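Shared chain: chain A. Partners: chain B in the first complex, chain C in the second.
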Partner chain A sequence: MDSHRLVAQLKIESAQNRAQALIEEVGRIKNRPYSSPASKDILEFVQEAATAIRSLLESEKTVADASPLMPAELEVRLHRTIKVIPYLHTLIGFIEGSEIPKSPGQLIQPLRRYVRSVIMNSDIVVSSKPELNYSIREVVASIRKAFSETPPPLSQSCAKLPDFLFLVNIPAIESEQILIHAILSHELGHALYNKHDLEKRLLPAIKIRDKMIRHLVNVITTGETESSPMSEIWLRQYVTDQVTERVSRWVTELSSDMIGIQLFGPALYFASTTLLSSFSHIDRCSSSHPPPRLRIKLMTRMLKKAYTTDKWHSNLTELIKAWADISGETIATRQPMDQIAIESLDRDDVLDLIETSVSDAIPEELRYNSTKLDADVRDLVPLILNSVPPGELGPMGREKPIELVSIINAGWYVYLCQLAEFGARLHESAANSRLAAATGLHRLILKALEISDIRISWEEAKRDSERGKD
Partner chain B sequence: MILSAEKIKSLLESPPSDPLDRLVISPVLDVAKQLKPGTASIDLRLGQHFYVAMRTKLSELNRLSEHHQVNMQRYKDETFVPLGDYFVLHPRQFVLGETLEWIRLPRNLAAFVVGRSTWGRDGLIIATAIGVHPHFSGILTLEISNVGEIPIYLYPGFSIAQLFLMSVETAKTLVEPTPSAFQMQTSPRGRIVDVEDIDIIRSFRKLRGIAHDKVE
Partner chain C sequence: MHPRRRFAELSDSLKNGFLADEIVLALARAENGEELSEHDRAALEKATAMLEAAIKGYKWLDDPKLSTETRASADFFGRAVGALPRVYTSSGFFQQVSDLTQTVNELSNGGTPSKDKIRGLRTFFFNAAQSELDRTDQLLTGEDSTDALEWIAID
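Entry: the complex of A and B
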């Protein structure tokens, strides 16, 4: 046997071992209680795909042994099948942490329902990992793309997957801090940004500050003894690419903030400012994320346009004024390329463009607004202050479940304006502690989400059962 | 005086304007089935949270032990069973469950909770700390035990207990009660509360010469 064929056989055997290990792992973990039904769907997908890989590779053994294929052709042929193996490992990795004890079960169903109302034919898997990171990632598009190049039946494994599958990560150690989870609306903004291809609309309209790039290149090249026209062109291209990359990625973040504000209203604003200020430097940025000060500036601007913030509770008015003052100050970055990106984006016409573009992408019925907020403060906040989870409203027998967004906004209102009053109803050990009162509030809000979801699920099951009788 | 189902229904349908006088039971998923005319209670359903004893983690529960608080934290593992799913309770197994409903009592009502006899006949004992005081607000913890011989499937949403409500004679000057340790509990996890007079009990042991017993 020649070297190529020997290695091909080893390759097949090794890949089959990987596939077998995946099948065994799924067998081991698939009976765990998962908070999202999609977790089991993913595991079934992995099992089916791994089984298909194993049997496809079995038939490839003969091909590798005796076919007249050239080594390069054989390599390509095998690679079509085995290249998807790492995807399957990644998917299993994500399922870890979506078990019920690790992810708050009360949150998952309402969140799933909400995501499906925003993006049809979608599903979510929520997992908790230790890192302080909220994220949402759509995986079906990349899975379908990778599997489309594989031979059947492997290529058909994706048939059962939903159109969109969002892998949502929430930090495990604060999984019960439901108010902060409003940050997920920003992450949902990423999904909508991609779905509506907002990049195509926004980026061509944003002008990068060429003058600043030229100036920067001049500063760098001045004094260079061996500077040549070519190195200057190359440097200019490099700086332009770096700035363009920042602008592109930062616009995604800023747009996602805007979409989040449209979907979740002030709750996202309060969650973002709370979370960002707890561990981020206000002016530090990266190539992927703009400085928090710019993000807060845009969010404050939008909030003030969409809501009568000057008529809110004095605590909120003061808070928003403070953020407006701070975010209005000059952003001082360390890197000149960051500064050029900021100068390109921190302009009224650009911020207006982002606002209008994202508004067009969100249906009216999904937008949270000033009228809804007023109603939630009027109807839900008194319930919370009287130790009742605001999960449903209305006369007995005709109660209506309260929407997730309304519950979270009412929770934020109490947290920021009336936490002491809320805490006074708790046991004395919690009454004098702001942290203990906040814990009590988070749990009450989770209970409200649970009651709301029970009401919706019960009615759905009742209708289904009545249809069955017919 | 124990309130009739009709009276409970009218209190829930037409709540008084003062929030402190309001009775809240949420959600009541089927008014006709949970408040049967002619009865004197409202049926409560099994909730979605369970706390299971971790036998493998603990050798004993001893409230006099200095490590009691730590042991109690190790003692139970929380699990969430969504509607449609089930929890299997094996013979002689004990679990803390909860009512699906959030209960808030006004200042002029007290209550007691008992398991429904239909479950008792299957060997399921739902012994709760049955008295509920005025002003209580929270879910009710159900101490569920299978004393039968056969495993029992528990489905959240099952009607499992009954809440009897009684009017409370109040003094002319209303006293705002101190919130209890179980106020606003949202799951059976609850709080770890020291037994009252525990120091006196400890002293008994010392005075009667039995303090040398090992109490860890």
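Entry: the complex of A and C
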């Protein structure tokens, strides 16, 4: 055996040992108490994929021995398979912090139930991490994609995963800030955007700003690049990549915001503006995300159309007016690529099209609307102000569970309009502190979600019992 | 880069890399005069689709209209530019990718292009496979991260 083949065999054996270590580690941590059942799904997938990697590496021994690959080609090929092992480690990292003592357990079941009502065969994992970071990501589509070009043992390991799995990361220090979770609806928007193939309808309708593109083409083809060291083809590729990426990804983000507003109503708006105003520069954008100013502009526009915002509580009217004013101002960009994307998308016809397209993707019963909001403010807010968790409503013995979206919207209403009044009825230690009142409110909302979920589970169990199911 | 996007890109990178490796293996077999399996032919068909998409991506700027395929074409164009490190002009790129497409088509249809042509195609896909491995490494180690610790308002 030549040296290259021998070293290849050693690499394979070493990687197989690492895959085995992964299998054993999963066996060890799988029995921890996780607050989200889907944490175990991830671990089982990792275990199965690591087993598949081990056998795939075994078959690579034949490739190493007998294939016509050159040493450099073989090296790249082997390392590709080996890279799946750190990829699987990344997945284990995702679920760290989802153990029962670390993750707010009361939150999981209501969120899980809601997500499943919007998208069947989906699941969530909520993890709290020791970092100031709030994120939600769907991972199953990516995992399936990663293994789509691999041989069956590996590609088949994805079979048991749900269709969609949302990983929600929350900062451990602020894990009780339940109202922020309204932004889950934005992430559901991504899934619905893909499921309903909205891209097909939206992208062809967007006209890329011709003038700037023509100028860029001219610069590229005539070589007027101000002594740029870049080659012509590189520049062409760069512009193509940057423009297409921005426009298509930004459309996805804006559409997901719109879907979120349809699903969660004002709660998403308030959660988004709270996070965006706290942590993002209003005009800062990236190739994947449009500037917050544009996002808020579109969300404000939609909120004003769907709700009688001018008749809301003065605190809310004032807030919405402020955001409408600010988001109506010109977006200051630094890059021509951002400018092309903004000028292509920040147009009434495009924003109208996004609004109408996303509306078609959401069933009527899932939409939050003005009537529901009025009822929630009328029925739930007084309960909250009296420190009663609004988890169920109705005459004694015939109470009905309150929906998650209603509870969170009522919570936002109190937070933005009547927090002082809420705080005044708490213990005197909390009465003079806005932060303490907010903490009290979040706890009450969390309790409401828990009660609502218990009521739903009870109703389900009763129905099953009546049908004679075990 | 947003963590969600990094994971999605990492997954894309693995997928692209696995495919490029399979194409390289099929081309190595072809260059060696071995009979191609169904799996090899399927890989070569995907190679044809990638090269055709790269040409579409190359032409996009001349008529910038969007469709569901635009992003994929732009992506293939980028990877093709990376796999042809000695090509600097548009005309050179177009010619090279057209030649490569012709060779892969000939192979897919049971023809026998010259060994030189197969070698050129193999080098192209090997370069693509190698770049993808570099990309996977960067994404795994977070070397390209610019804002990893940023609060993600809405991902």
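The rule is simple: the second predicted complex is superposed on the first by the 366 of 470 C-alpha atoms of A that agree within 3 Å, B and C clash if a C-alpha of one lies under 4 Å from a C-alpha of the other, contacts with A are read in each partner's own complex, and residues count from 1 in each chain.
As a working rule, a residue touches a chain if its C-beta (ideal position, glycine included) is under 8 Å from a C-beta of that chain, and two chains touch if they have at least 3 such contacts.
Source: prediction; values computed, not measured.
Of the two partner chains placed by superposition, only chain B is touched by A:Leu426; chain C is not.
When the two structures are aligned on the shared chain, A:Pro33 is found in touch with chain B, with no touch to chain C.
Applying the stated contact rule after C-alpha superposition, one finds that A:Val388 touches chain B and leaves chain C untouched.
Within the superposed three-chain model, A:Gln109 lies in touch with chain B and out of touch with chain C [touch as defined at top]. Of the two partner chains, chain B is the only one that A:Ile454 touches; chain C does not reach it.
Of the two partner chains placed around the shared chain by superposition, neither chain B nor chain C is touched by A:Glu24.
With both complexes placed on chain A, chain A has more residues touched by C than by the other of chain B and chain C.
Within the complex, the chain A residues that touch chain B are 33, 35, 100-101, 104-106, 109, 382, 386-389, 391-392, 395-397, 399, 425-429, 431, 440, 443-444, 446-447, 450-451, 454-455, 457-458, 461. Those residues of chain A that touch chain C in the shared complex are 63, 67-70, 72-73, 76-77, 79-80, 83-84, 86-87, 90, 131-139, 141-143, 145-150, 183, 186-187, 197, 199-200, 203-204, 206, 208, 210, 213, 216-217, 220-221, 231-234, 236-237, 239-241, 243-245, 247-248, 253, 257, 272, 275-276, 278-280, 286, 288-289, 292, 295. In the complex of the two chains, the chain C residues touching chain A come out as 1-5, 7-8, 10-12, 14-15, 17-19, 21-22, 24-25, 28-29, 31-32, 34, 57-58, 60-62, 64-68, 70-71, 74-75, 77-78, 81, 87-90, 92-93, 126, 129-130, 133, 136-137, 140, 149-155.
By the touch criterion given at the top, residues 9, 12-13, 19-20, 22, 24, 26-29, 31, 48, 77-85, 100, 102, 104, 137-139, 157, 178-181, 183-184, 186-187, 191 of chain B touch chain A in their complex.
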